[in-house]
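Labels run A, B, C and D following the written order; every chain starts at residue 1.
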């Protein structure tokens, strides 16, 4: 994908996620794979609901900026870790919600979602009569170390769902393209909000 | 109704239901009866908040596409089941909300709503001093089988309300026309949100 | 006030209250006093978030339509009851919220709000260090009888706040003009949402 | 900063905070430091979501209006107290939310936030692995007295966070400029909403 098209898709994704309340303050970061070696990713520190085309930059799969004057999101290495590990990943979204923050703070190492029609938004699940178990990793300001932990975790998993939670921090999802990533994010956050509601009621 | 007018009404309904948070990801599907034998219905897999006129197609009352290159929503047969059974049905809406998902997962075979002013949105209820009992059917990826279950259920009911819930999946409502169906959906979801709130408080 | 200006203010009020989620389905009705004998009020059965100027009509203080072909909201007599009793009332708003529905269903005959900064939105309260006690009247499809009950209730009250709740049905507020009525409605609904939240936590 | 630019930023901040539900009725007030002796602040009594440039006025650091015909927000002295005490403060925001109202009513003299990624929005916190303790001061219609209480409180604090809560009344945050203040407000309110949710679940 050309950078201009990727930047436009990233700007539009930010507006949508802001409307859904998923990118408060400077929270969230988004990327799109441009080719075998590069991705377009949001720059650091902007409000993701009000991005412009200039707030999207290019890094390689190790997170090095093509233009060294620019600084990408602190969590760029998590995006790189997804593109390196999953060839089918074409777009990555990270957002913060009350549900993903509260549930990930209370969860142990994983969170299971079962019996929701919207589980169909995840690949390889032909029916709702299944479950998805998302890893929950502890938050860490050393992003490279967090990514190494994810790499180790993924090595031992048979079926890796296209998403995970970071404790008290937020959710990551990916998909072949940005529209699918957005729908997967909406599906995940909807199910997390339902889970939160069920826990309110002591179930 | 002509297809163009029906498609425009369906596109507008999707925008409204998205603004109300009722069509996350690819959730939801909508239809309008065109004549004695055909309905306009949403195609499969689109986000219902961002439909275009081309995302609406024609099927017959058995769910067969007029243009075989198009694929309608997986739940088209539930729309057909409503139009076949209820001659007064002119528009059908299906949406997902946190309230209808959580309540339908916890409910048995029915959910009763009583004492709400907005019950007046349902037909044949001259006063709020009444109740509506909505069937709750188990979710099933075999839509034809789910519809046969509904047909059997309706046969044994004296008063059939224009709506039902599917466990962990969402709500269906219908009405003579799309504006009335939208108002009925808003009324239903408002009452379900009140029910959920009352259950939070242990009542 | 001239009818055109009143209708424009009523249309705008409906858009605002819809954005705040206070007029689901056909819920809600609004009015503005035109002169000593007449008021402008919403017609029956419309969605209040999508009103046009033609959806506002004129009735006298007994609720009789100036143009007999038009039918005003079923609750017009509650508006008339407010204008007859309170000379300072210039605009009346009625809306439904989850908070006002759930709290009014659980309340007895009154609901007290205390210790909120936004109590300043009510007249005669120079400080937050006060309380407002709103009457809660039982819902009744005989609107004239409900109004007679309110008249009796008001007769025995020393300080009458510019608002009340109807059980399971919604809230009424009034003020000298529409902008003040809208702010009072927002203040009331904000405090009710806080009350609901405190009750969730068992306080 | 010139008054026109400050007024435009204040008008835009009001629209954003209204979209986030933080300025119900006439709640909230905002200011920007113009120079060493003056600030631009909202006039009293307006709805902050619908401000115009004319709803912003100039006062000195003691809260005296430059144009004596204008009356600034009742809480102007709290803005002045922040600008006098913190040279780095360039913009101040005050808003009301259900979370800040309910939590400040239940809190004692302080509220601690710990383990949230969004704590990074506060200065001097390089990691999420920290906590912020916000003062909670009792509400008081004597604003000068409330400010004296804050001055005394701040004198005894080693690290003063750029924000505080007023019991049953709302939150204040400040930052070098308005965009940063808005992001800090969003981060604070997001964390308060998470706290409220955790308390709902009895944690």
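Definition applied: a contact is a pair of C-beta atoms (placed from the backbone, for glycine too) under 8 Å apart; a residue touches a chain by one contact, two chains touch by 3 or more.
Small disclaimer: the values here were computed from a predicted structure and weren't measured.
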Comparing which residue numbers subunit A and subunit B contribute to their contact, where sharing over half means same and under half means different, the two sides are different
I'd like the angle of the rotation relating subunit C and subunit D after CA superposition, in degrees, nearest 5. 90
Measuring from the mean C-alpha position of subunit B to the mean C-alpha position of subunit C, what distance in angstrom results? 31
Taking each chain's centre as its mean C-alpha position, how far apart are subunit A and subunit C in Å? 45
Where in subunit D do residues touch two or more of the other chains? 200
Tell me, which pairs of chains are in touch? A-B, A-D, B-C, C-D
Which residues of subunit D touch subunit A in the complex? 115-118, 121, 126-129, 179, 182-184, 186-187, 189-190, 193-194, 197-198, 200-201, 203
Note which residues of subunit D are touching subunit C in the complex, please. 24-27, 47, 96, 98, 101-102, 105-106, 139, 141, 166-170, 196, 199-200
